[in-house]
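Chain naming follows the written order as A, B and C, and within any one chain the residues start at number 1.
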């Protein structure tokens, strides 16, 4: 695996960028990590807050099994070591979104140890090769509440709905060397989390946030001092953060300055990072084991149950689509990018195979091409997602079967699809009603071809004289005469034969 | 280990307790007395001893993922949560404005 | 007519059940005592006579219908103001929580109300349970009903932190009260005032709704005038609570029914390290009396060693403040309690001002110690070391309990001291807990029973420590002492 070639051109030479990412992913669960309050996004302020979340005197935490399970499932999905013995620690600091005055987290003994994920090669994005990015650990911790600063002239408003929601903190190794690698890592991680179902990955809702650690060095040197830019909430912003921050650091260093290890914020408006108001003592979190909780011990049965519950993961699925179903790498990537797409495709594939009495591998290309080239486009025009498609997988399978049996041509199928989306009727009903069955009878086609050739004798001469491009003209004319219902293969064959 | 006024001031800041200069001064000998006394723990041979992690051996129970299963530890009790708030504003807790 | 306020838990409960008197009569009698003593003793932060009558009325109604009355049916009690009580101010004796009215009830207090008890009021205590003399309360000192026999009239400490509880019981303001014990706060005040109190095994009583001081040490427990009463009340208080992750998931034994003062076949351990140089002569004698009594009850006496005893107090004064510094971080003026917002201050200034104004000196001292020992560079030297020493102390007990079934020791190194005697030097105050703290660190059940009076006419207590989960063994040994000590002394009424 060759090292990344991404470099910043400075006045004193080339600089390499070193990137590590800490992703905070909200765990998909009904209730919070240590209390029974609900976790759903968008509730009225403080409507989903228990006495425990509000840190009333005498309140105590009790951990949610599902949150633990989701963390373990995620760890298994990144091939990580699961720590059967782990512990919760308190991270102590004062802020209005932290009611307890400490966050329950896991510093010393996290639930998940070392793992990794692979970012795919993507020439267009500047990633010539696939690359394995190491993940140091995943631990479980409480999310904080939310502060609003723009509701009142002299007060900030605190909403604790989010306080206590479970987070997985996924810490990468500092293995990334370019904004593209970092962007690909975040995208891949998000994809895995959505496949596993442990986080919905909605970065704009804040379900997934990135802390971006950036440092620069001359190639071959030791790691430089890094800065941390917190709460970056899109892949694009992650990449922009890195570009800006790395350039800023190079400027500082080349002017003889030193990089201050500090926390920064990314401003999407200006595309720049700025230092957060200094919290001088903010770094002494005085971590110690939470005495309200006992060590967390997981048995083999629990781990096995988590393992069994995992779906086919994106890389494995994509590989299987290529090797077993014969799909192109591009199509396989498109179909597996989102777990919902793959799920829809597999339903379509199953129904298509059944409808045509064939093995899935034999109809896979047809189904994939139709889904990608036809249905996606049509849904896009209607502003609908695949989840809201008026055409179901079985309806699509019926349409594909009509094509597969030669009942309609590909171009007719496009029209049928539009009608299906408009009316909600089935493909079969539409074809029947509008008489769209294609004409495959060689006699009927021959008759038409003869008519066309007769009517265009001059062009026939030109064609036979060498103007082979005219073939398309004859095809078009024939199809027009047949109201588009001519079986294209048969038309082609007969024209070829007659034209010579 | 002993502390001086600068250290005491620093700890007080960490603990968010405002102490006057006089109070800081007064704390120094008090804290040093206690710290000197607890130093003797360093005499104990703790080779091979693990720090205590659970007072009475017990396992951490995991709770079922049910919303508001127990009303005492569930949500939907905004009025109770805000009942003792020094500054409740439209369903929020009001605090002096923070600039980030 | 018997003075109802001379009756204990069992006698009140049984008398009501038998129809000898009504619960309301009992509640009224104690309400009167509470009101009359408030100015002199300051045992209560807030009295709730209406609540006591309300609970008593309900019990009387149930009795008339022949319905069950509960283990504490009709017994009015004092509730240490560390337990959250719905609709009734809960302060932890601190200005920080003055006016705080919980919208929830602690598990332990709810269990007591469900068992038929009524609330006479919220009892005074050392602020946030930090203290050994009830001299750190924002609401003023509690004065012990006891006086020395020297005619000097010095105001004495009732012990702490459950000083309001111990004073109230000794003065017959209530037959029983809840206490909490983190480093001796049930046992030492019980010893100082000649009453009985037990700290059960860690996890036996739920901590949910109890204002937290040191999470790995705090335990609720009953205080009353005899062992039987404590057994009854502990049964009502104890039990698994799924809202507390450290709660023991074990059935509650029938301790009262299981009381047996015959100690034949039992071995009583006498820890040699507890016999300290310069030990008070009366305390030493009381210990010897205890040995004789338990021998008389049929026990064999065994000399045992708890080698790390002298390190228990310093370990405690690292671990407890460390946990407290974190537990008390929530008192910040944001969501409840005091808010001090000086002109033009921002959020962090509000924290600093609120906490400066809200916390008393001892609380601040412990928060600072705790913050320091957890801070970067010191964590391993102090906190980790203390937790290792704690593990050794627990091991000492485990090994000792291979040779004995219960351990006998004094509860406190002296009888009650005068208010103000130990307030100059915090360390001097801490040393009061030298005998009590080891059992706290190990999470073991331990109780104090009155053994006799010292030369000044003040009560001395003896402590029994048992194996984890063996409250029965501890109560039984306590009963054996109680039966033989013949302790009937009570403070002469001056309030």
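Definition applied: contacts are C-beta pairs under 8 Å (C-beta built on N, C-alpha and C of every residue); 3 or more make two chains touch, one makes a residue touch a chain.
Just so it is clear, the model here is predicted, and its values are computed rather than measured.
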Worksheet entry | Most centrally placed chain, judged by C-alpha centres | B
Practice prompt. Give the chain pair, either A-C or B-C, that is connected by more C-beta contacts.
Written response: B-C
Discussion item. Nearest whole angstrom, what separates the Cα centre of subunit A from the Cα centre of subunit B?
Written reply: 40
Discussion item. Could you work out how far the Cα centre of subunit B sits from that of subunit C, in whole Å?
Written reply: 23
Practice prompt. Give, as an integer number of Å, the spacing between the C-alpha centres of subunit C and subunit A.
Written response: 58
Practice prompt. Identify all positions of subunit B at which a residue touches two or more other chains, and write them in rising order.
Written response: 13-14, 16, 58, 60-61, 63, 70, 72-73, 77, 80-81, 87, 93, 95-98
Worksheet item: Can you list the residues of subunit A that touch 2 or more other chains?
Response: 51, 54, 62-63, 94, 96, 156, 158, 284, 286, 293-294
Worksheet item: What parts of subunit C, by residue number, touch at least two of the other chains?
Response: 100, 103-104, 208, 216, 242-243, 245-246, 325, 329, 332, 334-336, 347-348, 351, 371, 375
Response to the item:
In the complex, subunit B touches subunit A at residues 10, 13-14, 16, 53-54, 58-70, 72-78, 80-82, 87, 89-100
Worksheet item: What does subunit C use to touch subunit B in their complex?
Response: 99-101, 103-104, 201-203, 208, 216-217, 242-243, 245-246, 248-249, 308, 310-311, 314-315, 317-318, 325, 329, 332-339, 341, 345-353, 355-356, 359, 364-365, 367-369, 371-372, 375, 378, 381-382, 384-392, 394, 425-427, 430, 442-443, 468
Worksheet item: What residues on subunit C touch subunit A, complex-wise?
Response: 83-84, 90, 92, 97, 100, 102-104, 106, 207-212, 214-216, 242-246, 322-323, 325-326, 328-330, 332, 334-336, 347-348, 351, 371, 374-376, 379, 383
Response to the item:
In their shared complex, subunit C is touched by residues of subunit A numbered 51, 54-63, 90, 92, 94-96, 99-102, 156, 158, 283-284, 286-288, 291-294
Worksheet entry | Parts of subunit A lying in touch with subunit B, wherever the complex brings them together | 29-31, 35-38, 44-54, 62-68, 87, 94, 96, 147-149, 151-160, 265, 276-277, 281, 284, 286, 289, 293-297
